[in-house]
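Each structure below is given as structure tokens.
In the two complexes below, chain A is the common chain; its partner is chain B in one and chain C in the other.
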Partner chain A sequence: MKSNAKDFALRLVKTVAVPLVIWLVMEIIVRSATGMGVINSTADIRTLFRNLISSLAFALGISTNLNCGRMDLSMGAQMYAGVIFGGNIALTLGLGGVGVLILSMAVGALCGLLTGFIFIKLRILPMVLGLGMTLVFECICFAINKQQGVTLYGQPGVEILSNITFIIGAVVVIVAVTYYLFQLSRYGFRYRAIQGSQKLASDAGINIYTNCVASYVIAGILVACAGVFITVYSGTLAPVLGMSSNSYVFSNMFPMVLGAWIGTLCNNREFGVLMGSVGVNLIILGLSKLGTSSSVQNVIIYTLFLIFIVYNTNKGKIAYFRARRARAAEASAYLARKKQAAAAQ
Partner chain B sequence: MKMNKRFGLKVASVGLSALILAGCSSAPSTSGSSGSGGESSDGDGYKIGVIEVQLNDESTNRATWFNDYIAPKYNCEFMFSETCSDLDSCMTFIENAAMAGCDAIINYYAVGSDTEALVQLCAEYGMVYTENGGRNAANEAVFTSNYENFAGNFQADQPATGKLFYDYLEESLDTSVEHGFIVLTGNAYQGNAQQTEISSNMLSALQDLYGLTYESTIADLVASSAPIEATNDKGIEIYCYPGAYSTSGWLEGFSAALQTGKYDYSLQAYNCLSNTATAIEEVESALNKDITVIGFGSFGEALTTAMNSTDMFGNQSVSMSTVKFTSLVSAMAFSKVYNCLTGNRDACLDENGEPSVLLFQMEAVTSPEQLAEMSSWDTTDKWVADYDFVDSLLADRTEGLTSAQAQENIYAMNYDAIKARLG
Partner chain C sequence: MSAASGMAIQKQSPKLTLADRIDIIKNKRFFPLAFPLAMLAVLVVLFAVLTGGQFLQGSVVKNIFNQSFIVGTMATAVAFIYSTGNIDFSVGNVMGLACVFGALAYEVTESMPVMIAVTLVGGIALMMCNCTLCIACHIKPAMVAIVAMSIYSALCTVLVGADPIRVDYQASKALEGGFRYGTFILYFLVCLILYHRTAIGRKLRFIGGNETCAVQTGINTTKAQIIAFVFAGVGVGLAGVYQTIRTTSVAQTVGSGMGMDVMLATVLGGMSIFGGTKSNVYAGLIGAITVTVLNTGLLMLGVSSTMIQGVRGVIFLLLVFLNSERQKTLPSRQQF
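Take a look at the complex of A and B:
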């Protein structure tokens, strides 16, 4: 019992240590350069949490399909469709911020359902299907509401989406619900079996198609949720064409990959992605405080992402070389001792 | 049971598709649409392609004016592009327009260095060409090379637009109180003429009002692609912040700059009033500091909301903005191509015999009442550019029309003249 608690505490410390170290590094850099900290006011806290919830939800959405080998590139477009359709319907009905969030997630779910259904019926490569669906969703978003997208700025009742308590509550709900879904529910058990081996799971009687469609639906809900908080901050979400919506998928890959790695430290993917999102958003906030231009920020973020990917991919090799060096050192020491012994004789 | 589930899934997917398609078909769209040719045809029928750079309130209004107002009267048909944001997409649209039988192209995607390629392409297909832009070093050759199909350009009188901001700052700024300014220069660093002119005028206004001297030139400050402090001998805090809100990290950077507490004026050379509003409100609330917003805008939901909402100090969210009348600008574009198509290209040339650039002046708006009044003007029943005005720009309806006269007619259509006519 005691060792379990100790183990839990150790894992918790390891998990929280990553964003904490990131914050510390950024704090030192920012403070020495500007004399201010990474977080200075309530505006910073709101910005951090709002960005956190959007990257957390998006990263979880990406990982939902990616963990089973399906890279769905249409998630950015699903986000646009969810927010533009759901947002406009909710605003027309006067449902306020919560209505915008719920209806956007509902439309996101429908988009995910459509994509998942087409995938299992046509068995097109997920990435290719994603590209096709991106174009379809982007064009649909473009065709409605006179190409105006959705404007949340100044709309009655929408201010709740910027309320810090509401955002923190939403973060807790997302982490709790996804934890239940992926770790404790029947869907989650099957999902993890499929993640291990799709064929074995199918042979064992799991309906891999239903699970696949459900994963697409969950991903659609999550990205639409992310989109609502992105739109609240920027005021509007204008439709885009030419697969520009994909930029959201790629910009949320870093928190997802970092989160997946942190998740291995605490055996909890959802909490890991949360910490990964906190870490990446602290870097972004810190760089903003330094007054760097958006392009420089992107260069730094993507370079860090690349370095992390290189490390993560090669960590096995690093461990192998470290072990080999230790063995070589041990052998050298043994030989030296033997030589010494021979010399002494 | 399994069968039922499968059937249910199919029904749900088909239903969704039908719902989405129904949503699309019922929505009005400018893209790819074309106006029907006229009831009264007192001219040859012409088909004109319009290249749109963005689709918003303005482009929808423009399409309505062209399709419903101009097409029947002048026996023209219009074909609109989707968003064209680079040379390739413009060229593809022009090729498609040529195949569809277009006689002319009006281009709202203006990049000086691309103009000649587009003029040449139109020349290959025998199409007249005009674009929403000025005359500058990048497109100078087009004006001097005597392309028969080039009708010249049309654009906002950029110095006059910049001066609106200059004048407003001169009128409203109390220099005896300490102020700090963040200037959003937008894409001025990429050579956007309008944003360059507005940013420069804003910085010039501050220079004159405070009698300060910048360490760098205004041109260098405006052309900077990275955020830069406009350091000056009077120690006034002025910060130039370039880029667009849609870029990752831009809003966070803007918010971070405001949170330094140095700036209480946000001067926006780029149309981002609704996009910066939340960040500004949050900083106002966090620092308990009133931030005045003066920015470029256009008729539409964003400006109306911004003008009609107040911040936590009870002040208007946007103190001053600019607007333009879509039909007025569209009339300039139409007159350019129509004069060429009707064999009156001389009316598109300046006194040197080179294609002219027609200019229009924007108007400043400072109150919700003024905005409401002006918004009501350029609509279906009350176009600012009515038939009389359009005729005054067409050589086959105004005898002996020259480009200079057309320019005079455009300048005469100012706020006072419009108010007198439309009330």
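Take a look at the complex of A and C:
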């Protein structure tokens, strides 16, 4: 019992240590350059949490399908469809911020359902299907509401979505619900079995098709949720064409990959993604404080991402070389001791 | 007696269903080439009929060819990478940054040959950068592509700034004729021969089909991948040159989103983005022409550009479904 608590505490410290180290490094850099810290005011905290919730939800959405070997490139377009349709319906009905969030997530679920259904029926490669669905969803988003998308700025009742307490609550709900779904529910057990081997899971009686569609639906809900907070932050979400919506998928890969790695430290992927998102958003906030342009920020963030994936991919090799060097040092120390003993005799 | 037993065997043999017959046709060797070509021909005939022959006018055909030129060149180039089972959708941004390098070199030297050389070398160098990350650092090419497209795109913005870099209009238009057609035909023929008539192409397809098996038969996958990226680099560099001389200026958004267009064209041309034995080098070009034919035809029929994208998506999914083999379980592949 005591050992379990100690193990849990150790894992928790390891997990929290990553964003903490990132914050410390950024704090030192920003303070030495500008004389101010990364987080100075409540506005900074609000900015951090607003970006955090969108990147957390989007990163969890990407990982839902990606963990089973399905790279869904249409998630950006699903986000647009969810927010533009759901947001406009909720605003027309005067449902306020919570209504916008719920209806957007419902439309996101429908988009995920449609994509998942087409996937299991046509069985074409997920990435290829993603390209086709992106074209279709972007076209639909562009066609409705006179190509205006959705504007949440200045709408009555929407200000709750910018409320820091609401955002923190939403973060907790997202992490708790996804944790339950992927770690504790029957869907989660089946999902992980499929993640291990689709063929074995199917032979064991798991309905891989239902689970796949459910994964697409969950991903759709999560990206739509992310989209609502992105829209609230920027005020409006204008529809795009030419597969530009994919940029959201790519830009949220870093928190997802970093989060997956942190998740291995605490055996909890969802909490890992949360910490990964906190870490990446702290870097972005720090770079903004340094006054760098968004392009320079992108260069720095993606270079860090590159360094991280180089390390993550080769950590086995690094550990092997470290162990070899330690063995060599041990052997030389042994030989030196032997020589010393011989000299003493 | 023998005739009667023959009849009995014939009666006992299972009857082929329509799906079985379609599968047999799909597995024929000629199918990967014939199907996209047939679809292209059907589209051309359809639009020719619907537009009352206007679709076949010289200016329209020339415009279709010009529009599909850049994506077609890049799609031909990435066939080398795709056939090994790897995906690289950063080619659009690689081309963009190569264009920026070329345009900056032109700004300094005011020499078109220098611009062409720098764009070509830039394309090859950037693709080799991606290749090094894949081979030396063992990162999956799709992940490299995501990082590379973001970094290259940001670098384009930083290097170009708000105003596009201009290239001499007259000199560019002079190069649009013979130089462009000549270099493209030469590059395409070299790719065609290398890919379908030499050991290089066979090795690349073998790696895409079964990498473990390819390694066990003594194929050096690292060397093959380097060759694939070099040839892709040449093609991307050439596409960069064509882009610069077509627009006579290089803006900060040059090449963005083109990587996806290339992937779309490749798949539409009948090639699997996961490579293998059925890969071919001409799929990208056929796909690029098909996309342009579809866009131009629908525009001539009065369909709005927004709707064209949706129609393109539906037709794309339909063609891919018809051209691919339906798997018994769900298709998946760890790309990251």
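In this text, the second predicted complex is superposed on the first by the 330 of 345 C-alpha atoms of A that agree within 3 Å, B and C clash if a C-alpha of one lies under 4 Å from a C-alpha of the other, contacts with A are read in each partner's own complex, and residues count from 1 in each chain.
Methods note: a contact is a pair of C-beta atoms (placed from the backbone, for glycine too) under 8 Å apart; a residue touches a chain by one contact, two chains touch by 3 or more.
The structure displayed is predicted, hence computed values, not measured ones.
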Checklist entry - Taking the superposition as given, does A:T165 touch the first partner, chain B, the second, chain C, both, or neither? => result neither
Next on the checklist: Per the contact definition in the header, classify A:I140: touching chain B only (first), chain C only (second), both, or neither.
Outcome noted: both
Item to check | Touching partner for A:N4 - first (chain B), second (chain C), both, neither | outcome: neither
Item to check | Which of chain B and chain C A:T303 touches, first, second, both or neither | outcome: second
Checklist entry - In the superposed arrangement, does A:S41 touch chain B (first), chain C (second), both or neither? => result first
Next on the checklist: Just to be sure I read the superposition right, which of the two partners does A:L241 touch: chain B = first, chain C = second, or both, or neither?
Outcome noted: both
Next on the checklist: After the superposition on A, what does A:G154 contact: first (chain B), second (chain C), both or neither?
Outcome noted: first
Checklist entry - Is A:L110 touching the first partner chain B, the second partner chain C, both, or neither of them? => result first
Next on the checklist: Contact-wise, after the overlay, does A:T92 reach chain B, chain C, both or neither (first, second, both, neither)?
Outcome noted: neither
Next on the checklist: Considering only the contact definition stated at the top, list the common interface residues of chain A for chain B and chain C.
Outcome noted: 118, 140, 142-143, 147, 241, 251, 293, 295-296, 298
Next on the checklist: Quick check on the complex: what are the chain A residues that touch chain C?
Outcome noted: 66, 68-71, 73, 118-120, 122-129, 131-136, 138-140, 142-143, 147, 198-199, 202, 208-209, 212, 241-244, 246, 250-251, 253, 257, 293, 295-296, 298-299, 302-303, 305-306, 309-310, 313-314
Next on the checklist: Using the touch definition from the top, list the residues of chain A that touch chain B in their complex.
Outcome noted: 34, 36, 40-44, 46-47, 51, 85, 110, 113-114, 117-118, 140, 142-148, 151, 153-154, 162, 210, 213, 232-236, 238, 241, 247, 251, 284-285, 287-289, 291-298, 301
Item to check | chain C residues touching chain A - in the complex, by the definition given at the top | outcome: 87, 133, 137-139, 142-143, 146-147, 149-151, 153-155, 157-158, 257, 260-261, 263-264, 267, 272-274, 305-307, 309-310, 312-314, 316-317, 320-321, 324, 326-327, 329-336
Item to check | Touching residues on chain B, where the partner in the complex is chain A | outcome: 5, 9-10, 12-13, 16-17, 20, 23-24, 27-31, 55-57, 59-60, 82-83, 225-227, 242-243, 245-253, 255-260, 274-279, 282-283, 285-287, 301-302, 305-306, 308-309
